[in-house]
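Think of it as A, B, C and D in the order they're written, each chain with its own count starting at 1.
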Amino acid sequence: MKRIGVLTSGGDAPGMNAAVRAVVRCGLDRGMEVYGIQRGYEGLIDGAIKEMDMSSVGDILHRGGTILRTARSERFKTEEGQKHAINVLSAFGIEGIVVIGGDGSFRGGLELSQRGITVMGLPGTIDNDLGYTDFTIGFDTAVNTVLSAVSNIRDTSSSHERATVIEVMGRHCGDIALYAGLTGGADNILVPEMPFDINKVCRKIIQGKNRGKMHDIIMKAEGVGVDAKELAQLVEEKTGKETRVVILAYLQRGGSPTAKDRMLASRTASKAVELLYDDESSKAIGICGSEIVAYDLEKALTIKRPFNADLYHLADVLSK
Amino acid sequence: MKRIGVLTSGGDAPGMNAAVRAVVRCGLDRGMEVYGIQRGYEGLIDGAIKEMDMSSVGDILHRGGTILRTARSERFKTEEGQKHAINVLSAFGIEGIVVIGGDGSFRGGLELSQRGITVMGLPGTIDNDLGYTDFTIGFDTAVNTVLSAVSNIRDTSSSHERATVIEVMGRHCGDIALYAGLTGGADNILVPEMPFDINKVCRKIIQGKNRGKMHDIIMKAEGVGVDAKELAQLVEEKTGKETRVVILAYLQRGGSPTAKDRMLASRTASKAVELLYDDESSKAIGICGSEIVAYDLEKALTIKRPFNADLYHLADVLSK
Amino acid sequence: MKRIGVLTSGGDAPGMNAAVRAVVRCGLDRGMEVYGIQRGYEGLIDGAIKEMDMSSVGDILHRGGTILRTARSERFKTEEGQKHAINVLSAFGIEGIVVIGGDGSFRGGLELSQRGITVMGLPGTIDNDLGYTDFTIGFDTAVNTVLSAVSNIRDTSSSHERATVIEVMGRHCGDIALYAGLTGGADNILVPEMPFDINKVCRKIIQGKNRGKMHDIIMKAEGVGVDAKELAQLVEEKTGKETRVVILAYLQRGGSPTAKDRMLASRTASKAVELLYDDESSKAIGICGSEIVAYDLEKALTIKRPFNADLYHLADVLSK
Amino acid sequence: MKRIGVLTSGGDAPGMNAAVRAVVRCGLDRGMEVYGIQRGYEGLIDGAIKEMDMSSVGDILHRGGTILRTARSERFKTEEGQKHAINVLSAFGIEGIVVIGGDGSFRGGLELSQRGITVMGLPGTIDNDLGYTDFTIGFDTAVNTVLSAVSNIRDTSSSHERATVIEVMGRHCGDIALYAGLTGGADNILVPEMPFDINKVCRKIIQGKNRGKMHDIIMKAEGVGVDAKELAQLVEEKTGKETRVVILAYLQRGGSPTAKDRMLASRTASKAVELLYDDESSKAIGICGSEIVAYDLEKALTIKRPFNADLYHLADVLSK
């Protein structure tokens, strides 16, 4: 393959720029032409496409967000939009594209793939909710961002001997809450994958109080079926401990990517370019253990993500 | 004076530990005994008081929060509570105390002062809402914490070409919003001191959009009379630009204090100890320009804080 | 096993506290008694040992360094020292210990193991130089610390259009240089595992210059056989580009551990306690892919670490 | 005045971009044309000058370094070079320029001023060594950068019970060492303005050791007449305490500017533009207390900077 494109789609994630940079530079290194597609599938339909060279990805490795910008596209969900996208790609002579995004972006890529474009998917989402890969690009940065918020909140929470509910991202997948909760020393971790038991939560807080613990942190994924403010009230009523709420929201989306995310982005992007160069069929690239792996794109979307119950249990033991 | 106490009261602020450390070490250096009073006026009433030495304030200079802990005390608002506090102090032979806190804590100190205890007030609050001092301990840290949040939000906000409303602390005083807004490049700054004009806000966003600006940040103090979510909706309707909300809340209270806050804390604390040593009457210590200043405690509470309209105007010019 | 000890030995690493915390809490959770041994094998010989409870490891998860302190022990290298250590352990009734450290610390543990004490080794070193585990505790933090230094240096280096030699830790293992170099966008990476070619270094700098690159970063592991200052001079002579040197030294040793290091520390510590509880023989615990693994302690020390040539090549492609 | 220029010169400092941005936007707001001059006086001589608009300074407020780049110019020291610079300026119709830099840059500006160009100097240097202003742009960021290095070093230094010599910038002015030393809790602060007494240094370390202090930090300005390595050896010999050296070097030059530096840069730049607009004569702009002040450029260079002996003494008391 001689001419490829790259786009970022869906919610942005730290490390997307590192991935774009690696796609461009690995592509050029193999003598391919690389085109940057703006604003995901929206820009693809609009033909917002321009050729990239070495310097067009200079000085972006350490930046959060994505220089290609990103968007969610309603038009691309229609058959007409998809046909239009195909026409644009053929007009540019682009035979294959690298799609950096999450679940929805991959489904979009599958549509293109079924219309004859080779699509390599890179897992670009902070949510770590893709089943075929151990980790997604942006997850490690998001978890570390939550950790630094936790350390700020711990200061003030201890000074006032308060409990704090920290709500983090994760509608269906509780990994941000699980990883940040375990590594942040949260006393309680609430994830969508596990039943929510207010009494268990309060029990631990009361036990901690009796042990002289000054602060309590309840790490809650947004997907858990209880409103953060209501949860705080319940806790206050049942434990008698003043309880506050912090919703981290979009803070978790930005920031300079960590080494781990830059590495994952660089390695998966390099693999995607290699597969395009070898004219392989559409794949989803990810990491399994230390190995970069590639699954058939359609199959990858069917792989369910197992919840890591061992970590959940370990977190519980460590915060007893 | 040979025996003094120190307490932190009201909302905690980064730098309170630096102040406690300086009170203890400067006191000991002058041959005084220094007692730490736990949980503000609550602990004072309870007699939760212990003598401090050099090492009891070791390794705290860089920590957020306050090792003495803090609280708001209802009991101390009663005459009975205040009398009780006086008895405790005389039982310990403590003739003067350093109170690190905000407006309310100083009023509490005034009550003790009128009952014969010398009280030196240090401005410990992130809000920068004390009229007699240019800056308060914790303000600089809070502003820098907001700045790092802004830089995270800028990443994702640019990638999605969104506007974001960032709500920061400040019920009556908009300084956090003003300083973080100006230095964070916010397009709009909303503070309680100035009238809120939704049309002016939207005008700037639309102008920025036409100029190709990718992100817009609206820095809003909590004291401004409009709900953050409602504001976001209004902006979205009037500008057609997707708008999100982030409420930083207690994040702003924690974190390792900046050099400026540690310096302010150390210098004001040293001054407070000097004044106690010299048996001066109750004072509020602050900074004016580069000078550490001390006003009569009662008088200090009457000084109104002028809003810095020049900075507000400059911020407007810089973000045009 | 009912009574265990834990010590940190050799150079400290961020995450050692997270490991100590997990050893203590997992041990208590299994009904074991856990003793903290101060200053590594030095403190063991001196009997500087005290029992730990839940709170003795409170509020340390996020701290760099090690609350148990660490040291290199000459005395322990002697047979007499080792015998003495065994006597101390039996006096305390400690049947097994967790040793958190690097290569040398594990060899020390092996001596105890051969004298009848069960020893579980956790990989605590920033150098990532243990062959039996993919990663060591502290490595991820060190790499991210180097990244933030790189971003500071990039600012000034670009402003002056300079090259900068950054020397990082790694006498025999170049992983810090390799990972920080690849993820920091270094133009050249010098590691002990690969031959040093001054001409290749200068070639890339000259090419970058011609491409309009403003800054160049040469990431050098200390183990590479050329003095950093001499290297800078050579580069300046051969490329005509002003070249500076920064030696990060002990900066890389400290800092709050990253989520990845806290997780690795918590998981390996939990495994070590489980193995002690099950009266397993001495082991070295590590991570392989996503799995926590345990090798026979003696065997683990014989496993050579392969250099990751793929990453080295990828870094070269990305910085071309 | 209708057409002005702006350049950054000498060593770069965090906040220079904030100053450039404010010069451009305040200038445009007053209806002036603003030209950016590349690489300081070098670019001025070369005519590397281009007009700036609102967007040419977008997204730079938070970046370290300077987008205009900077250099030291030998050519500009010659009369010929200066004449040439004047010709370039008149060819572009530029009547006044804002020079952002230190002492040397101001002297260069004075030459232009004496040849009929109005020059407004902004204090852009991390060294805080300009006598006419309380603070320079970049100083606060540099001090905070040193503080975060101190906190990393404290971790490892405590774990090993070591002393560490930290060498910071400052050839003639010890302010970085003084401010970072006081606010970082250094046990000893060595500045060029005060005599160096090895015995006093060791006395404090020995006293700290006897008080159970685990780490010692010696904050040394580079201008102090003793080599850092030799100092460490001396300390080790005289105190028996293992002593390490860290030289922060160019780390101190980079990093995202703090709120304080961005504010100082914005306010002084706004003042400079106002003075140019009002056709005032050449001035040096600075801050005195909270007020932005402007001195005659030539006079400003004659003002000596007094050493702050009170802070030096306070630091000593706090670390006793």
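Everything that follows uses one rule, which is that contacts are C-beta pairs under 8 Å (C-beta built on N, C-alpha and C of every residue); 3 or more make two chains touch, one makes a residue touch a chain.
The chain lineup, named per UniProt: A, B, C, D = ATP-dependent 6-phosphofructokinase.
What you see is a predicted model, and the numbers here were worked out from it, not measured in a lab.
Colleague: Quickly list, by label, the chains bordering both subunit A and subunit B.
Modeller: Chains touching both subunit A and subunit B: none.
Colleague: Copy of B-D's interface among C-D, A-B or A-C, judged by over half the contact pairs being the same?
Modeller: That interface is repeated by A-C.
Colleague: Given a C-alpha superposition of subunit B onto subunit C, how large is the rotation in degrees, taken in steps of 5?
Modeller: Angle of the fitting rotation, subunit B to subunit C: 180 degrees.
Colleague: Of the other chains, whose C-alpha centre is the longest way from the centre of subunit C?
Modeller: It is B.
Colleague: Give, as an integer number of Å, the spacing between the C-alpha centres of subunit D and subunit A.
Modeller: Centre-to-centre distance between subunit A and subunit D: 40 Å.
Colleague: Taking the mean of the C-alpha atoms as each chain's centre, how many Å separate subunit C from subunit D?
Modeller: Once rounded, the distance between the two centres reads 35 Å.
Colleague: I'd like the Å distance between the centres of subunit A and subunit C, where a centre is the mean of that chain's Cα atoms.
Modeller: 28
Colleague: At least two partner chains per residue is the criterion; list those residues in subunit D.
Modeller: Answer for subunit D, listing residues that touch two or more other chains: 151, 154.
Colleague: Could you tell me which shape the graph of touching chains takes: line, ring, star, complete or other?
Modeller: Graph shape here is a ring: one loop, exactly two partners per chain.
Colleague: Where do chains touch, given as pairs?
Modeller: Every touching chain pair, ordered by label, is A-B, A-C, B-D, C-D.
Colleague: Residue numbers of subunit C touching subunit A in their complex, please.
Modeller: Those in contact with subunit A are residues 18, 21-22, 25-26, 29, 54-55, 58-59, 61-62, 134, 140, 143-144, 147, 150-151, 154, 158, 179-180, 182-185, 211-213, 256, 258-260, 262-263, 266-267, 270, 288-291, 311, 314, 317-318, 320.
Colleague: Name, in rising order, each residue of subunit A that touches subunit B in their complex.
Modeller: Within the complex, subunit A contacts subunit B at residues 8, 12, 14, 16, 63-66, 69-71, 145, 149, 151-161, 164, 214, 244-247, 249-251, 253-255.
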